[in-house]
Amino acid sequence: EYGVKEKKDQIGVVTGLAYTSFGGDILPVEVTYFDGKGKLIVTGQLGDVMKESTEIALDYVKSKAVEFKIDPAFFDKHDIHIHCPEGAVPKDGPSAGVTLTTALVSAITRMPVHANLAMTGEVTLRGNVLPIGGLREKSLAAHRSGISTVIIPKNNVKDLDEVPEIVKNDIHFIPVETVDQVIQEALVR
Amino acid sequence: EYGVKEKKDQIGVVTGLAYTSFGGDILPVEVTYFDGKGKLIVTGQLGDVMKESTEIALDYVKSKAVEFKIDPAFFDKHDIHIHCPEGAVPKDGPSAGVTLTTALVSAITRMPVHANLAMTGEVTLRGNVLPIGGLREKSLAAHRSGISTVIIPKNNVKDLDEVPEIVKNDIHFIPVETVDQVIQEALVR
Amino acid sequence: EYGVKEKKDQIGVVTGLAYTSFGGDILPVEVTYFDGKGKLIVTGQLGDVMKESTEIALDYVKSKAVEFKIDPAFFDKHDIHIHCPEGAVPKDGPSAGVTLTTALVSAITRMPVHANLAMTGEVTLRGNVLPIGGLREKSLAAHRSGISTVIIPKNNVKDLDEVPEIVKNDIHFIPVETVDQVIQEALVR
Amino acid sequence: EYGVKEKKDQIGVVTGLAYTSFGGDILPVEVTYFDGKGKLIVTGQLGDVMKESTEIALDYVKSKAVEFKIDPAFFDKHDIHIHCPEGAVPKDGPSAGVTLTTALVSAITRMPVHANLAMTGEVTLRGNVLPIGGLREKSLAAHRSGISTVIIPKNNVKDLDEVPEIVKNDIHFIPVETVDQVIQEALVR
Amino acid sequence: EYGVKEKKDQIGVVTGLAYTSFGGDILPVEVTYFDGKGKLIVTGQLGDVMKESTEIALDYVKSKAVEFKIDPAFFDKHDIHIHCPEGAVPKDGPSAGVTLTTALVSAITRMPVHANLAMTGEVTLRGNVLPIGGLREKSLAAHRSGISTVIIPKNNVKDLDEVPEIVKNDIHFIPVETVDQVIQEALVR
Amino acid sequence: EYGVKEKKDQIGVVTGLAYTSFGGDILPVEVTYFDGKGKLIVTGQLGDVMKESTEIALDYVKSKAVEFKIDPAFFDKHDIHIHCPEGAVPKDGPSAGVTLTTALVSAITRMPVHANLAMTGEVTLRGNVLPIGGLREKSLAAHRSGISTVIIPKNNVKDLDEVPEIVKNDIHFIPVETVDQVIQEALVR
C-alpha cells in the first residue's frame, strides 16, 4: 500500500513528501523510459506548478548530462515517463523538485535509491534547492511510514524546532543547498 | 448486449469493473492496432484520470517490451486504439489500470484473455497494483454478468467481508500485488 | 433537399438516422478522400461522442484493411474527410457508428451503397453493434423519406413493437450483431 | 468601399451574400496562395460553421482535382489563404459554401469570376447545394450593390415569391443543384 | 519614449495609429527576422482581429513576393517576428493592416521607412485598403507626436472635415486605395 | 535563500526586479541550454505578457547573433530553458525584458554577469528600452538585497526623485536607452 516506505532500494523510484490540507503524506515518484523521440510524459494529475517542476528537473539533468555520465544523445532516442501515484489524487507545488530530479537520474543511470530515504525541496534550473512549506507535517508523514532519513533544504533547518522530538530521534535530517548534494546522498553506489 | 460477459476467449478484449453512482457495472476494454506512426488513440468518453491510466498502461508495456516478448520497434510502426464502450457514457478513475494493461498485452502478443474473467485495480508505472473503491458493487456486477473469476488488488482483500456470501460462493477472487501477476492469470496460453 | 432519401446508389454516401428533441431525422454521411498524409477531417458540427465514433469507424476499417481488401498503405497516402450535412445543425451521439463505418468502406473500396437503405447502431472497436435509442422516431423519419430497408441492432428488435404497423408494412428491418453484417447488406456488389 | 460590387472580373475573388441581424450584406471572399506545405489559413473572424465550410470547399476541390484540371501535387506545395473582409466583423453560417468553393477554383485555375455575379448556398462534401435562409434580405443587398446575376440553391426557388418585383426585374436568378453548376456559371472562359 | 515619432528613417519599423477608449495613440510596429523554418511570431498582446491582420499582411507579401523582388524561398528559411510595443497594453482591430504590411516589406527588402510618416488602414488579402474608424483621434495623436505625413484610406477622405484645421495645416494626408500605394509612399528609395 | 543577491558572478543568471502588490522583490532569471531542436522552454508561472517578453528577448538575440558573436546555427541545435524561481509564485509584466535578454546572452556566450547588479526595463524587438513602473519599490528591494548597481531605463530617471536618499547613497543607478548598453554594463569581460 502507498503511504508505506519502499521495501528495498529501487531504480527510478524516489519517496517525496507532500503537504496537503489533510496533513503530510508520502508522495512517491516513478520514472521509466523506453525507445522514443525525446517526449516527456507526465501523469498523476499534476498541477501546473508541478508539471513545470518536471520540466525543470529534466532540463537540469539534460544540461548536466556530462557530469552525470549520461550520453547527451540518450534524450533524443527515448521517451521518459514520470508518474506520481495515486492516479486520482491531484498534486501540485514546487517541493517535489528534488524528488523528480533524483528519480530521473536514478532511472537513466540505473543506480538505485536508498529505500529508507525521503526528501523535499524546490529545485531551480541551476540546481539550487529552495525552502519548502509544511516541514512539520511532512516529517510526521515520513515518520509514520518508517523513513529513517529525510533530505531537506538548508533554509528549512530553522523549521526543525517545530518537528516533535520523537520524530527527530528516529529520523536523520540532511540539509542541502544543491540538488547535486541530494543525488550524492540518495543514490546507492 | 453489454452488461453480459464475453462468450468466448478473445484477443484484445478484457472485462473491467466500474463503480458509478448507479452501482457497479461491467466495463469492457477493447484494444486494436494497425500500421501507423506510434500514435495512441483513446475513445469512450474517458475522463482525465482514465486517459492518464491508458498512458501509464501503454508506457508500462513499452518499458517491459522485452519481458513481454514484444519487438520494441512495434510501437513506432503502429498506432494503437483503446476504446471503452458504450461510447456515450462518461468514464473515469484509475481502477481500469489492470484491465487496460492486460488488453494491451493481449492485443499486441495475440494471446486471448479468459472469457469468464473480470478485473479491477490501479496500476503504477512500475507495475504495482493499488487498491480500488467499490469492491462490493463491482463484485455484484460481475456476479450478475456471469463472471466466475475476479482479479483484485491484494490491499482490497480486507474488503471481501462486505461482499455477499452468494457472490463469494460463485466467484473466485484472485488477489494480486503486481500487474505482471494479473497478466499471468488472465492470458490463455 | 435533405430529409429525402438518395435517388440512386452512390459511393461514399450513407443514410443514417438521428433522434433529436424535434423527433427523428435523416442524417446522411458523406466520405471522400484525396492525396494526403493520413489526416482525418471531420465536419458538420459533430459533438465529442460522434467525433469519437468517426475515429472508431476509421480505426476499425484500418485494423480490418486486409479483410476489406484495402491496401494498408492507402491510409498513409491519403487524407479522409467525413462530413454530415446540414453544416449548421449540431449532431452528436454514438448511433451513427454503422453509418460512418459503411460510408468509409464504400468510399475507399469504390463500392456503391443501396439508395433505399438507412441504418442506425453504435459500433465498438471490434465491430460489435450496440443498441440505440429512439428507434420509433428514427423509423418514422425513414418512412417519411421513402426508405424501404432499415438496418438496426439486434438488441433493438424488442423495440419494434413500438413502431407503427404502417411503417412496419413498408419498411424491411434487418437486425445485425456486427458491423461486418451491416456492410454485407449495404454495399451493392 | 465594401458593400459595392466588384468593378471588373477578378481571379480568386467572389461576391457572397450574408444575412445578419442587420439585414443582408455583400460578403466578398478572397483566396490567394503561395509556396508552402499544404496549410490552409483562414481569416476574417469566421465562426465554427463557416470555418468548416472552408474545409469542405477545399477538400471538395482536392477530391475533384482531376476534373478541375488541377495538378493534385499543387496542394502539397502551396499554402492557401482564404480571407473574408471586413476583418473585424464576425461571420458565420454554412451559406458561403458556393462562394468559397468558386473562389478556390478561380484562384487555383487562374480563371476570373464574373464581376456582376453574387451567390449563396451551402455545399456538401459531394458538391450538392443545400438551401439557405434570408433569400429576400440577401437579394436586396445584391440589388443595392448593383449585382445583375445571383446564383441560388434550387430548393430556394420557392422563396423567390418573397423577393420584391423591382429586384426580380433587375437581377437574373440562376437556380442550381450542384456546386459544379455554380462554377460553370461563375467562371469567365 | 513611445508616443513620439521615430527620429530617423529605420528598417522594419513603421508608425501606426491606434484609436482606443483613451483617445488616439501612436502604435509602432517592429519586424525582424532570422534563420528559421517559416514560423511567424507575434507579440504585444494582440487581439484576435489584429493577429489575423498579421497573417493577412504576411500572406499578401508572400503572394506578391516576385513583385516585391523577394526570393520566395526566403519565407521557408527564416522565422519572422512582429512586435507592437508597449508589451503590456492589449491591442486589437484591423486598422494596422497597412502598418504591418509596410513593416514586413521594409524588414525583408532592407529598405528604410520615412521617419515622419504615420499610417492607418485595413488591408484585404488582395491588397485593397478599407476605411477605418477614429480618424480624428488618430490625426490628433499623429500631430502631438510631430508626424508630418499620414497615409489614410481613400474612403476616409470624407472624414477629414472632422479633423481640426491646425492639424490639417501641419500634416499632409495621402489617401490610398491599395497597400501597394502605401508601400510606394512609405519606403525610402 | 532568494531575496538575497548572488554571491558571485555567474553565467546565465541575472537579477531582475519585480513590483508586486506586496511591494518590490528580487526576481532572478536562470537560463540554460542543451542539445535539442530549437525549442524554448519557459517555467516559473509566467503570465502572458512575460512569456511574450521571453520570445522578444530570444528573437532579439537571434536577429543580432552575428553582433553577439553567436553562431546562428546554435539556435537550431539546442533547446533553451528560461526559468524564474520561485516556481509557485505567478509573475507577469514586460519589465523583465532587459533581465531576460542579458541572461540569454550570458548563457550562450558563457560570459558571467556581475553579481552585485540588478536591472529592470521593457525591451522592444529592435532593442529599445522602455520605462517601467514601481522604480521606488524595486530600488528598495535591491537595497535590501545588498545590490550595489541597478540598470534602469533612461525614461525612468525622472522617477529617481521618489527613491529615498539612503538608497541612492548605496546604489549606483545606470540609465540606458538600449539593451545593448545593458549587456555592455552587465557582462564581465
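Note that the chains take the letters A, B, C, D, E and F in the order they are written out, and that residue 1 is the start of every chain.
We take it that contacts are C-beta pairs under 8 Å (C-beta built on N, C-alpha and C of every residue); 3 or more make two chains touch, one makes a residue touch a chain.
Bear in mind that the values here come from a model prediction, so they are computed numbers and not experimental data.
*Asks:* Chain A-chain B contact: same residues or different, taking over half shared as same?
*Replies:* At the contact between chain A and chain B, which are copies of one sequence, the residues are largely different (under half shared).
*Asks:* Measuring between mean CA coordinates, which chain is farthest from chain B?
*Replies:* E
*Asks:* With centres defined as the mean C-alpha position, give me the chain D-chain E separation in Å.
*Replies:* So the centre of chain D lies 30 Å away from the centre of chain E.
*Asks:* Using Cα averages as centroids, what's the distance between chain D and chain F in whole Å?
*Replies:* Computed value for the inter-centroid distance: 52 Å.
*Asks:* Tell me, which residues of chain A touch at least two other chains?
*Replies:* Where chain A is concerned, no single residue meets two or more other chains.
*Asks:* For chain F, which residues are in contact with chain E within the complex?
*Replies:* By the definition above, chain F touches chain E via 48-49, 52-53, 55-56, 59-60, 62-63, 65, 72-73, 75-76, 93-94, 97, 122, 124-126, 128, 130-131, 155.
*Asks:* Which positions of chain F touch chain A when the two form their complex?
*Replies:* Result: residues 1-2, 10, 12-13, 28, 30-35, 41, 43-45, 79, 81, 83, 85-88 of chain F touch chain A.
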